[in-house]
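First chain A sits with chain B, and in the next complex the same chain sits with chain C.
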Partner chain A sequence: METTFKVYRFDPENGRKPDFATYTVDLPDSATVMDGLRHIRDELDPSLAFRASCDRGSCGDCALRINKKGKLGCTLQIAKTVKDGVVKVEPIRNIPVLKDLVYDMETFLWQKIKSVKPWITPREPEPDGEYIVAEEKLLEVRKAMSCVMCGLCDEGCVVIKIDKKFVGPAALTKAYRAVFDPRDGEHEHNERLTLVSEPGGVWDCTHCFEANGHCPLGLEPTTRLFEVRDEAIRRGIRSGTKNPKVQRHYDSFVNSVKRSGWLDEGRLAIESEGLTNIAGLAKLLPTVLRALPKGKAPLPYLHPKRPGTQAIRRIIEKAQRREV
Partner chain B sequence: MPEYDVLIVGGGVAGLGAALAAKRAGAQVALLSKTHPLRSHSATSPGGMNAAFGPDDSWQQHAQDTLQAGGGLCDPAAVEWMCREAPQDVIHLDHIGVPFNRDAEGKLDRRIFGGNGVPRAAFASDLTGHTVLNTLYEQFIREDVPAHEEWLATSLVVEDGVCRGVLALELGTGKLEGFSARAIVLATGGAGRLYDSSTASQSCCGDGMSLAYRAGLSLMDMEMVQYHPFGFRDRATFASEGALGDGAVLCDEAGQPVVSMNGLPPRDELCRSLAASGARTVLDFRALGKERISARFFYLARVANELAGISLDKEPLPVQPRMHRVLGGVQTDLRGATAVPGVFAAGECASPGVHGANALAGNALTAGVVFGRRAGTAAAAYVQAAPAGGIADTVLDYTERELAVVFSRPSGEDTVVKIYRELAAKMADKVGLVRDETGLQDAAECVADLKTRYTQVGLRHHGKMYNHELLTWYELGSLLDVAQAVVVAAQARRESRGVHQRSDFPTRSDTEWQQHSLVTSGPDGPDLATCPVNTSAW
Partner chain C sequence: MKYAFYPGCVSRGACPELYSSSVKVTEKLGIEIQEVVDVGCTGAGVLSRDLSDPINARTLAKVEAMGLSSLMTICSTCQGIFTQANHRFKNEPEYREKINKEYLAEEGLEYKGTVEVKHFLWVLMEDYGMENLKPHIKRKLTGLKVAPFYGCYIRRPTSIMAPKGLLGRKTYLEDLIELIGAEPVDSSGKSKCCGFPILTVNEDNSMRMVSDHTGDAKNKGADCMVTPCPLCHLNLDANQPNAEKKANTQIGMPIIHLPQLLGLAFGFDEKEMELQRHIVSTEPISRQLEVSIRS
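On to the complex of A and B.
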């Protein structure tokens, strides 16, 4: 099948601006995009740089943007992506490019993985033999561990796009692996959960679910991030040490609904800032002053109870007992 | 110049295990690897790792099966240590988080591979190597071991007969640098890319074997080249051999079973009979059902769909034998030590004598984990009384001038890629499942010719950053060394044993050939010697 490859080229050594080069390749129908790139490098242009290792979707080295979608080049057949005879190949987004299709994973992923401390400390007492663990308890851990660290979920993340400090769905999926591993020591668990609750952690996710859509293995990184966050809450960790506003927001939200059956937005705004946080409260003033004449500034603590508040309160109390 | 006590070269299962063991033993350790550790070939090892547990098994039975498979060429002492220590290593891996599958009681589940008397392979779906690698990597970053990633070790520096360090090329910048170390652990992986239809990752180019060979060390049992029966037809990947034990059936294309677990011949015999019959075979997983396929073949189910368009629960997967690995490697003792003080080796690049003439299925990861740890521990002990490392500036200067010569050669019709392709095709054609003198001689002449062309070939691309042609040039140099060793040893072994089958010498000759082949680099090319199978510690 004859295909036109349009490949992103950037070489700091030649001083030229990045651009796209066009190559024509003729490969069997079963050929992958990686076969195409290798053909170009071996036969047409030895200066082309890209990473590739296992060639079978096991190692994650060849994550690329192919026809505008984040994919593993080695498992994507050309026939499945080609559009009007063209395959366009670029580096993944949100990451510094080093040369052509080679990019710098260090700050994008490796440091973030390390920052969530995703290692297991054997739970005490450490048995002589293996830990006795039900298969169901390890199934999801194993699935999360099948992650190949390709970074494609982070590539699609709308937060990382504007905030490089967000630790991102890949590292938090790695955290999931440790948080839910029943063999891990309790102490490490809580340290890690506090860590991922700090600024840049689970609370910075905007719930857009892009990571689920971008994972080439279908491992649902967004959902796993939520589960890590929910587990933190279950263990009484409602924020990190450096973002107490998260906890105040959380508590105010719950208390408001518990009291009146619905959200008291005025109260939420004030209590999230903190009743004694004069500077924080002052920051709210311009918004309040703009909203007041339009009747959009809800008066805190004065909104009426909804019908069925008692039942709602009972539901919340039941959930809170479960968290403890 | 970076200076370490112990420098581990290679970041796969054996390398990470060695780094952790050396660190635990108190050494100042660092890692240098051609790829990021998580991109290592270990990530592709699917099926499981043998270790004898429980009332139905014992390390002695495991050893017996290993020796049986090895066709009289395993060193029983090496086999004994591996089989004795494997259970403790598997338990340790469980404790640090490898998500091994569990049985109904919550204990480690086992699967059976051909040649094993009982199910003894602990496994994590068909992601065993991947999850062991990732788990070791977690501990590796926890220990904060310095890692030099995307550096290719280009030569071992040995002075006055003692290890001083390595020279290495940074792939991202093209810079050559010396790394001073009192001890080096080579854990660079195998040489599967020597054959053009193999199961190897792009990185498996025999780097460590060649580094050792050029430093005067011996390569042992290099003629032993193993094929895997369940390779994909047109991709460098494969289904775990554990498939048969788990209930999949190997059939011909008409759906007639070719073999069952009850009568499963050893891997080498199966490959030869499949290749000889020319039958197109398929691996049928349908009897397992969707749930069991997902639990035990999580990776294969995905990749069969993506690369072959096959849903394992609905249609059988076409398979064929593919070259799997060179079983031989750098000759080491049971601690991974080589004949050069301070140079250790472990994993697929090494040969402590545990695989002999045919590796028992399920022993590869086990050997990598056990001997990786042993080599790391031994290297840490060695450096306590070892002379300091250190690389003279003149050594680096000389190597830089050599590299400049390579860059200055004119590029012509011949290319590094062409030479590589001819080599890999010739090895598959003439040094494959069944060999004979005529074919081996042809291969020997071809390799010699390619070596000459290699010394003349120019590079088409002269950039410094991520110059893949330059990387391939180095890798091809390694593969040519390994090829020469494989061919010379295969020519010398005039018998058939294990994976080494000669149509012109079809029988096994214990009187003459129950001994290891050793290939060293001599002034006029490779020198062949033999050494007896070491039974001293048995």
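On to the complex of A and C.
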């Protein structure tokens, strides 16, 4: 099949702006995008640089943006992606590019993965023999273990797009792998959960589920992230040490639903800032003053109770007693 | 068909115009709704699922007790949380039974897993049908350029929000905009997050999302944006002045709720749809409506 490859080219040493080079390749229908790139490098243009390793979808090295979608080049057949005879290949987004299709994973992913301490510190005392773990307790953990760290979930993340400090779904999937491993030590477990609850961690996620759609292995990173957050809440960790506003927000939300069955929006805004935080409360004023004349600023603490509030409060209190 | 109606906290709080316009439009269309009042907040993705799943199971059990099998929402966030929870209840019977036993039995309730939760947008497109909507259109909103803004909760996770067989859900807003004679404007962020969920946690990021989305719609020539989610509405409308300030720019993009847009085409005037309640002036919409009436 004859295909036109439009490939992103950038060389920091030649001083030119990035552009796209066009190559025509003729390969069998079964050929993958990586086959196409290798053909270009071997037969047409040896200066083309790209990352590749396993060629079977298990190392994550060849994560690329192919026809505007984040994909692993080695598992994507040209025939499956070609559009009007063209395959456009670019580096993934939100990442510093070193040369052509080679990008720098250090700040994009490796540092973030290290920051969540993605290793297990075994529970004490150590058993005499090996740790015996029930198979069913590891089923979900195994899924997270199979993450190949390609970074495609981070590539599609709407928060990382605007804030490179956000730790992102890939690192939090690695955190999940350690958090839900039953061999993980109690102290380290809580320490890791506090770590991922700090600014730039789980609470900075918008819950938009973009990451689930971007993972080539179907590991559902957003779902993992939610589970890490819920495990932290279960352990009484509702924020990190540096973002107490998050805990105030969570507690106010819970208390509001407990008190009236539904959300007291005014109370939530005030209590999230903190009742004695004059500067924070003053910051709310312009928004409130704009909303008041329009009848869009519900009065806090005067929130009417919904019928059924008592039953809802009972449910919340019971669920809270089950938290660790 | 009769629907149990779950308006959600925001349409009863900071977006009362969504509640009233939804009631007026459903009445006009002859869609029978019965509000389920003695139920709780979905948790909006803030509450841990340990807390919100039993509360949502209780709501669905209440719908069953009303003898109904469909629950209509008017909030994408409520819809998303309900769909995800209901997916667990329907596909994990042991989990559902555990919740029934531990939380609902005391009240004599049981959720059997029979309820379908549908956003108003889905009800219109999948149950009511575009052909049946046509006779209700009293004035075509010709010339009005409308950028659809789905937000995230009504779109993802795709496997349950727009599964195979319902892939059309990805263009329902565009389909409706065209049906009422207006022109859909495609913006790059239409199915991305509006930033509301992180407003408290990271205001800078949240406001950046607002200015990006509204600014993009403006650059593409939209007169307004329409959303099926009151939380998207709150962030894009009520916080737009804050986002403008942070981005040091002026945008002035009106944001309207889906029932308001349809209501205008069904013959309600702007006051009846309570457009005057919005923070960003809806004047560009009024101007375009006058032009279309004259022509």
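Convention: the second predicted complex is superposed on the first by the 323 of 324 C-alpha atoms of A that agree within 3 Å, B and C clash if a C-alpha of one lies under 4 Å from a C-alpha of the other, contacts with A are read in each partner's own complex, and residues count from 1 in each chain.
Note that contacts are C-beta pairs under 8 Å (C-beta built on N, C-alpha and C of every residue); 3 or more make two chains touch, one makes a residue touch a chain.
Values in this document were obtained by computation on a predicted structure and should not be read as measured data.
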Three-chain arrangement built on chain A, chain B and chain C clash or fit: fit
First (chain B), second (chain C), both or neither touched by A:D204: second
First, second, both or neither for A:S53, with chain B first and chain C second: first
Included angle at chain A between vectors to chain C and chain B, based on C-alpha centres and rounded to the nearest 10 degrees: 150
Which superposed partner A:S146 touches (first chain B, second chain C, both, neither): first
First, second, both or neither for A:A134, with chain B first and chain C second: first
Which superposed partner A:L98 touches (first chain B, second chain C, both, neither): first
Chain B versus chain C as contact partner of A:A178, first or second or both or neither: first
Overlay on shared chain A, then closest C-alpha pair between chain B and chain C (Å): 17
Shared chain A surface residues [contacts with chain B and with chain C]: none
Parts of chain C lying in touch with chain A, wherever the complex brings them together: 9-10, 12-16, 37-41, 43-51, 54-55, 58, 102-103, 106-107, 152-153, 156-159, 192-193, 195, 197-198, 200-202, 204-205, 208-209, 212, 238-239, 241-242, 276-279
Residue numbers on chain A that touch chain C, as the complex places them: 158-159, 162-163, 166, 199, 203-210, 212-213, 220, 222-223, 226, 229-230, 233-234, 243, 245-246, 249-250, 253-254, 257, 261-263, 265, 272, 286-287, 290-291, 294-298, 306-309, 311-312, 314-316, 318-320, 322-323
Touching residues on chain A, where the partner in the complex is chain B: 11-13, 28, 30, 32, 41-43, 46-49, 51-61, 75-77, 98-100, 102, 105, 110, 113-114, 117-120, 122, 126, 128-135, 138-139, 141-143, 145-146, 148-149, 177-178, 181, 183-184, 217
Chain B residues within the chain A interface of the complex: 35-36, 38-41, 43-44, 53, 90-91, 94-97, 99-103, 105-109, 124-125, 127, 130-131, 134-135, 138-139, 141-142, 172, 201-203, 234-237, 295, 298-299, 302-303, 306-307, 415, 417, 459-461, 463-469
